[in-house]
Structures are given as structure tokens and as C-alpha cells.
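Right, I'll just put the structure down here and ask away after.
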Amino acid sequence: MTASTLSLACWAIILGDLILLGAGRMRHLLLLTAAQGLLLGLVTVGVSPGIEGYIVAGAVATLKGGIFPWLLWRTMRQVGTSEIVEPFMGLGTSILVGLGGLGLALWIDARLLLPIAAPPLLMPAALTTVLAGLVLIVLRHKALTQVIGYLTMENGIFLLGTPLAGHDAMWIELLILLDLLVAVFVMGIAIHHIRRTFDSIDVDRFCSLRD
Amino acid sequence: MVWWVLGSLTAGAVVSAMAGRSRLGAILGPAVLVAACAVGLGLTLSNAPEGWTIPLPVGAGALRLDALTRWFLLPLFAGGAVVGCYGVGYLHHAVGHRHLGGHWGMVLLLFLGMSLVFLADDGFVFLLGWEMMSISPFFLVAWEDTEASVREAAWEYLVAAHLGGAALVVGFALAAVPGGWSFAAMRTALPGSPLATAALLLWMLGCGAKAGLLPAHVWLPEAHPAAPSHISALMSGLMVNTGIYGLLRGLELAGLPGAGAGAALLLIGLATALYGALQAMVQTNAKRILAFSTVENMGLIVLGIGTGLLGLAHGQEVTAWLGFLAALMHLFHHSLFKSLLFLGVGVVLETTGTVHLNELGGLAQRLPWTSRCMAVGVATGAGIPPFCGLIGEVLLFAALATGVGFPDATARALMAGGFVGLALVSGLILAGGVRLFGILMGGAPRSAKAQTAKEPSWSMRGPAAILAASCWLAAIAAPLVLGLALPAAGVLLGTAPDLTPVVRMVAQIAQVALVVTAVLVVLFLARRALPGHADARSFRTWDCGFAAPTPRMQYTAFGFAHPLWRAIGRITGSQVMVRLGHGYFPAHGEVVVSTADPIRGVWSRLFEAVRLGCDALKWFQHGRIQLYVCTLAAVLLGLLLWQLGW
Amino acid sequence: MLVLSWILALVLAPLLFGIINRIKALMAGRRGRPLLQTYFDLAKLVRKGVVVSPTTSWVFRLGPMLAVAGPLVALALLPYAGRPGLWSFPMDFVVLAYVLALPRLGTMLAALDTGSSFEGMGASREAAFGALAEPGFLAALLAAAPQSGLRLEEIAAAQDLFHSGGALVCLALLLLLLVENARMPVDDPNTHLELTMIHEVMVLDHSGPELAAITFGAALKLWVFAALLAALALPLERMAPLPAFGAHLVGTFGVAAVVGMVESLTARLPLPRVPAFILSGTACGLVVLLMEVGGGR
Amino acid sequence: MPIALVVLPALAGILALLLANDALRRGLLVATALAHLSLLLATAATATGDPHALFALDAPGLLFLGLASVLFVATSIYAVGYLRAERTDERPDFVAGVVFRNAPERVFTACLLFFLAAMSLVCLTRHLGLLWVGVECTTLASAPLIYFHRHHRSLEATWKYLLICSVGIAFALMGLLFLNYASLGLSGSLHLDRLLADAPTMHPVWLKAAFLFLLVGYGCKMGLAPMHHWLPDAHSEAPSLVSALLSGALLNCAFLGIIRGHQVCAAAGLAPFSGGMLVLLGLVSLGTAAVFVVGQGDFKRMLAYSSVEHMGLLALALGTGGSAALSGMLHTINHSCTKAALFLLSGNILALYHTKSSYDARGLFRTLPITGVLWMLGFLSITGTPPFGTFVSELGIIHGLLAQGRWGVATITMVCLAVIFVGMSSAVARMVHGPKPRYLGGIAREDLSSVGPSAFLVAVVLLLGIVQPEGLRWLVAAAMRVASGMEEGLW
């Protein structure tokens, strides 16, 4: 895979992040996450070729591009939540924050040079994705969106780790993916319970524990 | 022998706590206490070997028995045995339905702690003993824990004890920095080091809180009255001594620092003494009066220490010796008479159910033994011959008087100020003592509670009588007592200069006491020979022509203090509010006296401010998960930006 | 000599009241009662029976004994005619003050023991004024003490009326004498209005030999103060023993005469202003002490 | 084989899911706990350290795993009585006005065992990636535990725990990547011994960044302020025995993650940097705990904030190094035992009074005498009062701070400790004394399983204040040397 393709993929990821922040429907959110997972697999293959790279990329693409969104999709259907993403302070604010995050990521990238040959946009793309995930967690009402945000964050972190794939034992990354699978599973169960107990998955109802 | 004492106290505490509500629990503790105290007294007075070690996690765990320790152990064990006997009688009605075993277990723990404090030869053992001694009274004070005020007092005690202890912990941790935890190492490494000043300040804070020095005294007038009376006697008569001991030991370890510490201690002591005396003058709860009297006496003792240090700093050895001797002697006497007074008030509480002066009166008729013992206690406290209180006060006066001749003008002024202040304090003590005894014991009962007062069993009368007798004996045998105090002061001051004038002075004061006793005996015999002794007619008190006086018309506790309160006592924060009835036929009017301690008010405002501050910061745990995650990210980002200098 | 002085004090103390009263009478242009009236009163009281209130206890009977015992022992501490007393040791002036507190303690406790509101009032005032007077007394004596010694004997030797601070010391002691002995302008020994009395109101319930003891004790106490003041004011130690003895005696009576004159010339102060009066006495002592401290010895 | 320590509880957990008999399953829980402890002892006694192995015990690992194992034994014994007494039907919470029931017991037991397995993994592994996996597993295994009572408040706590800790640990994962970047061109492995070997030549900026990520990430899990927000909620809403494990064992495991980072930093000569950060967060934690303990009406939240305080102390001690770090390692033992005992006792109190308010749960000395006494002793211990071991370790930390001349840090620490004491004492004094509340009817005797474990733990801490066994002293010293990067200290 050529460097330009890689950098195109990074661009796509960055743009995806911004669209993610502006998405108003849950369905779109899930689709975008899935797309991001697939892109992640693509980048993994591009950055670390070889059999290990392929295995990891395959696992990433399957899990992040397929299974996780599917799990969340199922959860969303089962809890019967509305399609609307409920943001704090409007979607525009999220996009603005995302743009700010991109700026921050570029700024950090300029100061922290990767000690490895990697696509030039990898670092900003990864950091932007992490920040976008954080924004999804912080600036959304629904528990489900928070899980999506968490996954997005993890996507970013994985993106950051792609140049390292194959440097250390591959099974570690697989284990980490497995862990994430369990995490999404457990969170999904928790969302079921939240729905049953609160008649809603709006985390703003979580206000009884405070000082 | 030391192991017998410590071991029996430890084992006794454990077994007694296990014995619980059974009869064994009621008797085992005091029995062990008396036995341990007897052995301890033997140890104190014998020529026991000087040092021992126990393995402990930190430090060497060393114990040592030097003259200073012996001096402090003496009242501890003597008082412990007496108070133990008293406690059996005081708590007899609780046998079977209260957890007496636990109570006595805590008393034993308290004694274990105090013994360890006195015996400690390294910082860790000292702290260990100190905290054991500090914590156990929390449970003892809260004996009547169904009353909210007692619970409050116990908690205040705990907080004060712990905060004071914390100051000591840091103090010793500082002192251990250069050489380690053992006292020997501190003695060599500490003097002259800049750490010594800091450590000493912390020691003064911690020990001052324990001894009830201004402004850390506020817990004492709450906790001592709330405790059962034998515990009050222990705390006020014996436990406060540990504060003084800690201070003295700290001074010794820091190499007896110079004029600054002396002046500070002198001023703190004087302020404490004056404040305590004034408060004792205006309070109306007998146990609070005694507690403030403890504050005042601790002030006097610290005044002595400060004087001694000043003397040392200016090269006046005699003044130094007089100051420290005065402190040591007065401490011993205070242990005797304050325990005695608390035991006496305990009898009053036991038989009448109250210690509020305005509800009492007429007890001298009803409690002849107790009232006589109390009279001795009051007279001793006021330094009236022929009782021992005089000796410490004269020594203190002497120390200050010699200081008026110092070459250094500041020191002279301090000494003269101390002298005059001390004179004022001694006048106030007499007035306060008369007030306490006169209102409590004299006149007619002011309420039905006092009407039916009866003398308690001998187990309560006996200990008081023993202490009263000791108050007299300690005066008559003052030269002997001084003989024990001299080596104790020597631990601090080294070899003594020529002290024969001091020794002779004390001997002569003892003679004065003896002669006063003789004169009184002669007068007593002479009175029997004169008419009107046995055949006195009885007629009601002179009532100025008003035919229907009631006991309520007697002078009240605050009324008695009113002239002094008006003259110099407003600093106590007491207030008199007169509420008159209104209208043409005003029906009901009242006078309300509040005796709140203003310094306590300052502390409670401080605590309140901390609480409010904390409450104001509690929004941080606001409950919104999104913001929590936001904080997490912000902290990370902030640390990155700050630390990597981007 | 010492024994003689002691016996003289015992015998002559009640005479002081006679002298004061005679001076007052003379100043007022009256004849006054006999000089020896106090002796007659004492003799009469000793033979009388006793009435006690059923409210009282052993404390009431103890009071008068303390009232006598204190001044009796105090006499032994007094230097006499330039010679030391029976005891003379450093800081004996402090012990003197404490011994002199015995009668105060006794009368106050006895007064409170009667349960009378009037006697409580007297005790309350006595307690307050005594407490305020104590620092003055001790400060004055400390100020008067020479650098070399802190005994009464040396204090008496070092001071006289005509030396630097001596006059002020003597003035302080005189004022405190008036306070301690319940004289005008602090207290009116002749008043019969209970609301204004201090000392007299405390002894209202005493009768017979016990009242005699209190009266005698008061006389002795006045004697102790007067003799002390005389010893301080006069340069007795520079005289030969016999003239000194005489001079001391005359001085003691002279103090009584001064008291009498003060009593005739002043009016009784309102009670709330008494503390200020006492503090003025204390202040005299403090001024001398301050000068000592400030100037260095 | 050290790996057996992970496998054993994991298998037992699966078995627990399959078992239908409650009594049998409870027996399995205790048996596994005991087996785990004995296996650990056997491993510690026999295993030889292979620095390149994936699983090996080093001193801090042994210390923390030993603690976890001992606490697990204590809690499992407690759990037997607890589970027997718990009602399985629906019951009302009158205050909140809701009806709730418990999660199935088999899930609870299984998750307990999985939790133990995850903690064992964290303590045993020498590979930082695997350590991360372990820490994430502890979160996932303990989340259902917190939600044992299917009450809306426990659900809220569970969600917060799950999400905040997951995000935090995601940061830690980023930290690992940064660490990997820092060692790029060297061995490039996340195996601890490789990292230690590479450390001196690592890229310092990347290393620093990596440490900060690890610190914030694992610090979140450990409960260091200001990342502690989940902790009071989770601890107060979880069943008491779970709170005991969370506070006594789990927080240490997260601390181990930070220790590993500190080790690498120290090996790279960056100990002043990482230590400084630890001290800073430690102080913030102490201050936060002080703020929230004062006036705290909920006694379980109070204990939770006390955990924040002690985690702060541990971080402070490790960051300070020297004798303070030594005492810090000792402090982990004291804190874990005391805090676990206190949480177990709070379960007894909760079971009787049905309230977590210290204003309502009064008169413990009369209603629950043994629990009351132990509660008081535990309080004294947790506030560092002699003769408890906590005093020795806190004294050591203060002494260590002073010996290094860190007067300001020592002062702040002492002030915070004092404020915390005042805050806690007012609640505890309120609870132990006073008359028996009138609404309580007849009171059952306290059985052995409810007070025995706490009594044992308190006794251990008491003994540690008076004697320190030679072996323990050695272990603590080794752990301190390892944690400060002075030696590898493999078993």
C-alpha cells in the first residue's frame, strides 16, 4: 500500500471524526464507527505488513468494523431508544470542539516527533479520534453514545498503535481486542439494565450519587 | 519490676475487657490497678536498674528510669491506687448492667500509656504510650454516653488529643531526622540544630494541648466534667502531668533552649493561669470550676518552667533551679489536691445527682467527711497553710523574685510581670476556692436534691481522706519531698549550685505549717473550755428583719463572683442578661448568666470555617459522569502541557 | 525581746481600735468612747453564751479559730525593732501574705455557711477586694526588697519613709492596710446598714466567745499591718535595741493614728468604685517595682 | 507455575456459573480462596525468578497479590454468612421508594472468582500489556459485583465505574503505546525487564509522556484525585464485601501499574520527574479526601474517601522515595487490612440499620458490641493511631518526608490527615456511642462469619504495629527497592 493511500485513509479518519461529531442520528453514528473500524484495519495492513499485520488487521476490522457496531445496533434496537442523538449545547459545538481538537492534535504532532517511519497524518488522526471519542462521551446524553465514544477513543488509540503492530507480541493486541469485546458486552448489558430501571438511557438521570 | 507493672497492666486490660459485664469485670480491673500501682511505687522508690529495651518496629524500644521519671511516676502510682479504690465505690450501682470490664480495661490502658510515656527512652515508645493514654480516655469520658453533651465532650476530647498527638508525632519525626529515634541520639544530635526549634515548637503545641495551656485548653473544661468523677480525678490530677512531662523531656532533649523559649513559656503560663483562675471564678458547674482550676495550675507550672529557662539563659542558676523546682513541686501538690477535689465533687454528684452550684448548698452539715476533705483540697489549692500548696507557690514566687534582679532588662520586666500576675492569680484562687466551697457546702440546700445528701460508703470516703491527709503531710514533710524533687530537676539542669537557702526556706515553711496546725489545735482545745461550746442555743440565721427568707435568697454562684467579674472578669466572656417583666404588674423576671468560653468560640468558628470551606468545595463531586470524564481528560492534558513544556 | 514583742502585740492590739476611735472622735469634736472599750467588749463576749443558726455546720465554728490563728502565726514572721522575727527566710513576705489569708478564708467561709444573703454579700465583696489587694501587697514588698535579700527583715532594713521609693511603698501599704482591715474609705466599721457593709456583715451571726475571737483576730491583723508599716517606715535597724523597740511601738500606734485621721477625713466610697481604690494602692506598689525593674538594681 | 494462580480462580469461576447448589458454590468460593492463598505461598516459596518469563513474582507483585489473596479469604468467609442472610426476593427501599432484588448469586460468586483471577494476572505478569489486560479485566469482573443489589443507585455507580475506569484505562493503554514508542529502536518490547534494560537509552520526552498517561490512567483506577470520582460512588453502592475487595485489593493492583511506570522512569534516571508527579497527585488526593470526609454523613462514602486519602499517601510515599517509600509499601498492608475490615463491618451495620447514614446508625456499642468495638478500632487504625501498624507506616512516611527536607509536603500532609481525623472521628464517635435506637427490635447475635474476618484483619494490623516479622520486613524492603527502581527483585 502506498503512502498516499495511507495518508488518504488518515484524512478519511479525520473527516470521519468530524462527521461523527456532527451526526444527528444514532444509525449514522454506528455506521461511521463501523467505517472507522474498517479504515483502521486498512491502515494496520498498510503500516505493518506481514502475516502478523494481516492477522491483527483482520481482527481489528472484524471486531471494530463489524461486531462492535452490530452489538451496539442490537442493543439500541432492544432498548428501543429514539434515533435522535441528544447532544449538549448542539451538534455545532461538538464539531467546533472537534476542530479545536484537530488543531491541538496537529500542534502536538508538530512537537512530538514519532521516532518511526509512519504516515505523516497518523498521529494527528489518532489524537483527533481519541478527542472525538472524548467529545462523544462528554457532550452527549445517552449511555449508548458514551459507549460509541469509548469505542471511538479506542479506535484512536489503536490507530496510534498501528505502526507498532508486530514490534511486540501479536497476541497482546489480540488480547486487548478481546478485552474490548467483553467491555462492550458488559456495557451493553449495563445499558439494558439502565433502560429497564430508568425507562431511559439518558445518563443525566444519574444524579443521586453526589456530595 | 518494670515488666511486672507494664505486663500486669496490659494483661489486666485485656482480661478485664473480656470479663465484660460479669462481677469479675467490676473487680478485676481495680484490683490489678492497685496491685500494679503498688509494685510501681516500689519500683519508683527503689534503686531499680535504669534501662530496659523491648523490640519494636521503629526505634530501639528503650525504657529508662531516671529521677525525672521517678518524680512523675510517684503521683501516678500513688494516685492510681487511691482513685482505683474510689472507682469501685463510685461505680458499684453499675455492676451487672454496664460493661464495667471494658471501663476498667480502658483505665488500665490509660495507666499503661502514662507509664510508657514516663518511662520512654525513645521517641517511638513515647508516642506509643502517648497515644494509648490519649485515646483510652475517650471511652472513659463517654461513660454516660446516652447524654448528647457527654458524647460531644468525648468527641472534642478525642479531636484535641489526636491533634495534639499529631503535633508530637511530627515533632519527634523531626527530632529523629539527624540521629534516630532514641533519646540518647536526640540529646547529642539535636541541641543547636535548626530542627530543634521546630521540634520544640511542635512539642510545646502537643504537650500544651494535653496540659490544657492557652489557647489549646478548650477541650479540658468540657471533657473533665463529663467524665465519671474518678476519671475526672485521673485526668485532671494525673493525666495532665504527662503534658508537663513531655514539655520538660522535650526541653531536655533540645538542650534547654534559651531566653526565647523561656519568655514564651512564661507568658503562656501566666496567661493560662490568669485565664483559668478567672474562668474558675465565674463558672457555676463545680466540675467545670475544677477543670478550669486545672488549667490555671498547669499555667502556674509552665510559668515555673519558663522562669527556670529564663534563669538558665541569663546564667542565673539559682533562679533556674527555683523555677524548675517550683514547677515540679507544684505539679506533685496539684496531683494531690485536684484528685481530692474531684473525688469530693464526685461524692456530691453521686448523692445529689448534680454539680451545679446553684442547686446545691448545705452539704457541710450533711456530708461532714466529704466537706472536710473538700475544705482541705480548697485550702491546698489556694496555698493556705498548713497545706502543701503553699510550698510550690512560694518557690514560684521566689524564682520570679530572684529574677527581678537580672541584669537583662527584658528578663527583669518579664519576671516582675510574672510576679505580679502570680500574686493576682493567688488572690483569685482564694476567692474562687471560697466560692466553690462556700456555695457548694455552706448555707442551706438550694434544691431538694441537696436536701437528702448522705455520706457514701467508705470506699469513696477513705480515698478522699487519704488524699486530704497527704495534702497536710506533704507540707509537714516538705523537705523530704524536696529531696526527691532535687535529683529530678538535676536531670534537666545538671549539677546543682549551693541550694541550702532554698532547702532551708522550704524547711522553715514546713515549720510554719506545723505551727499553724499546732495553733489551731490549741485554739480548738481552748474553745472547748470557753462557754457556748456545747450549750449553744439554736436560732435561725440573722435575716435583717425579713421574716420569710428562703434558701433561694442565698447568694448564688455567679452573684458571689459578680464584683470580681465587674472589676476584671469580663474577659471570661461570661454575660449577665437581666430580663424584667413588663406591664403594670410585672410578673416574671429572670437573670440569665452565660459562662461560655470565648476562646472556645474562636476554635469552633475555625472548625466551622473549615467545614464551610469543605462544603463549598463539594460541588466537585457533582454526579455528572460527563464532567468526570472531562476532568480526567483535562488533568491529563494539563499535566502533559505543563510537564513536557510544550 | 521577741517574746516581749509578741506578748505586747497580744495585749496591745485591741488598743489600736481605741486609738483610731479616739482620733476620729477628737477630729469630730466629740469625746468618744473609752480607749479600752474593745477590751471591755472582748471580756464581755468571752463570758457570753452562743447562738448558732441551725443552717450552720462545723465550718461556722472553725471560722473564728482561723481568724485568730492567722494573725497569731503572722506575728512570728514579723521583724521587730530592726530584729528578725521568729522565722526569717527568703520569701517570708509571701508566706506572711498567705498566713494573713487565713482569717479572710475563715470569716468568708463562716459567713457563707450561715446561708444568709447578707453575709454572702459581705463574703463576695471581701473575696473580690482581697483578690485585688494581694498583688499590690506583694508587689510593694518585692519592690521594697533590696537586691541582696528577700526577707522581711532586710526589706524593713532597706526602706524608710525618707528614702527613694520608701514613701511610695509606705503609701501603698497604708492603702492596702485600709482595704485589708476593712477601714474607711473601703468599708465603714461603724455602719449598721447591711447592704453596705463588708467585714461587719460577715460576722452578723457570730456571738459570744466566737465573736470575741473574730474581733481579737481583726485587732491582731491590724497590729500586724501597722507594725509592718512602722518597720518599713522607720529606720529602726540603725537604732539601739531599746530605743528601736520603743520607736517601733510608737510607730505602730502612729499608724493607727494615721488610720484614724484618714477615716475622719474621707467618706466611704461607693462600692463599685472600691476596686479602683484598691488598684490605686496596687499601682503605688507597681510604680516602685517598675522603677526598680526599669532602673536595674 | 505462577500461571496456575490465574487459572485456578478463573476455572473455579466457570464452575461456579455451572453449579446450581448455593451451599456448594459458597463452599467452592471459600475453598478456592484458601487454595489460591496456599498456592501463592507455595509459589513464593518455590518459584525461581526468570526475568524473561511472562509470569513471575517480584516483591511488589507478591506483596500485593498476597494482600489480595488474604483479603479474598477473609471476604469469602464473610460472603458465606452474607449470602446466606441476603434475601433473594424483591424488597423495598423505603427511602428511595423503589423495589429491588439481588442479582443471581451464581453470577456474583463467579464474578468474585474472575475478579480474583484478574487481580492475580495483574500482580503476576511481567508484561505491561498483559498487566493492562488484567486491569481492564478487573473492571469488567467487578462491575457486576457492584450491581449485585439491582437498585437504581447501584446501577448508576456501576455505570460510572465502568465508563470512567474504561476511559482511564484507555489512557493507560495510550501510555503503553507511548512507552513502546519511547523504546522504539531498542528491544521495542513491553516486557518489564526489557523496558528496564532499555530505559537509560529511551527517548525521555516520550517516556515522560508515557508515564503521565500511565499515571492518569491507572491513577484513575487507583482512585487518585482528581480522577477519583467513580470511587466513592462505587464503594458506597457495592455490597460491603465487594467494597472491601475493591478498596483493599483492587486499588493496590492499579497502584502496581503506576509502580511499573515509576520503575521504568527510575531506571531511565527520571525518578525526580515521576516522583514529583506522584507527590503532586498524592497531595491532591489527600486534600480532596479531607474536603469530602469532613461533614460526610454516609459512612461508606466516608470509608471510600479515606481510601482516596490512603492512595494519596501511597503515591506520596513512592514519589518521595527513600524511607518514605519503604513505609509506603508497609502502608499498603496496613491500609488494605484495615480498610477491608472496616468495609466488612460496615456491611454488618448496614444489615442491621438499613441505612448508610452515620446520623441514624447510632449506639453500635449497645446494638452490635463486637462490630462496634472493631469499628472503633478500625477507625483508630485507619487514622494512624498507635499501636496499630498504620501508625508505624504513617510515622515512617512523615519521617521520610522530613528527612528529605520536604517540609511543605509534610505540613500539607499532616494538615490533611488532621482534618480527615476530625471529619471521620465525628462520624464514628456519633455511631459508636449513644442509646440503642428505638425502632430496632430484637437484635440477633453477631455470628462468627460476620465479625471473624474483620477481627482477624484488625488483629493483624494491631500486631504489625508492635512486631514486624523478619520476613515481612524483608519483603517490604525488597518491594520498596523494586518500586524505586533500585533492583529487579525477582523472586
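Details
Letters are used for the chains, namely A, B, C and D, taken in the order the chains are written, and counting of residues starts over at 1 for each.
By definition in this document, contacts are C-beta pairs under 8 Å (C-beta built on N, C-alpha and C of every residue); 3 or more make two chains touch, one makes a residue touch a chain.
As the structure is a prediction and not an experimental result, all values here were calculated from the model.
At the far end from subunit D, in terms of centres built from Cα atoms, lies C. The interface carrying the most C-beta pairs in contact is the one between chains B-C. Spacing of subunit A relative to subunit C, judged by their CA centroids, is 99 angstrom. One finds 35 Å separating the Cα centroids of subunit B and subunit C. Subunit A and subunit D have Cα centroids lying 31 Å from one another. Per-chain Cα centroids separate subunit A from subunit B by 69 Å.
Contacts with at least two other chains are made by residues 159-160, 163, 167, 205, 209, 232, 292 of subunit D.
Within subunit A, the positions touching two or more other chains are listed as 112, 134, 137, 146, 203, 206, 208-209, 211. The multi-chain contact residues of subunit C, meaning those touching 2 or more other chains, do not exist; every residue touches at most one other chain.
All chain pairs that touch, listed by label, are A-B, A-D, B-C, B-D. Residues 46-59, 61, 65-66, 68-69, 72-73, 76-77, 87, 89-92, 94-95, 98-99, 101-102, 104-105, 108-109, 111-121, 123-125, 127-135, 137-139, 142, 145, 147, 150, 194, 204-205, 207-210, 213, 271-272, 275, 286, 289-290, 292-294, 296-297 of subunit C are the ones that touch subunit B when the two sit in their complex. In the complex of the two chains, the subunit B residues touching subunit A come out as 618, 621-627, 629-630, 633, 644, 646.
Here subunit B touches subunit C in the complex through residues 361-362, 364-365, 368, 371-372, 375, 379, 382-385, 390, 393-394, 397-398, 401-402, 404-405, 407, 409, 412-413, 416, 419-421, 423-424, 426-428, 430-431, 433-435, 437-439, 441-444, 501-502, 504-505, 508-509, 511-512, 515-516, 519-520, 523-524, 527, 530-533, 535-544, 549, 551, 553-555, 559-564, 566-568, going by the rule given at the top. Residues 88, 107-108, 111-112, 134, 137-140, 146, 203-204, 206-211 of subunit A touch subunit B in their complex.
Those residues of subunit B that touch subunit D in the complex are listed here as 55-58, 99, 124, 127-128, 131-132, 135, 138, 142, 145-146, 151, 154-155, 158-159, 162-163, 165-166, 169-170, 173-174, 176-177, 607, 610-611, 613-615, 617-618, 620-621, 625, 628-629, 631-633, 635-636, 639-640, 643-644.
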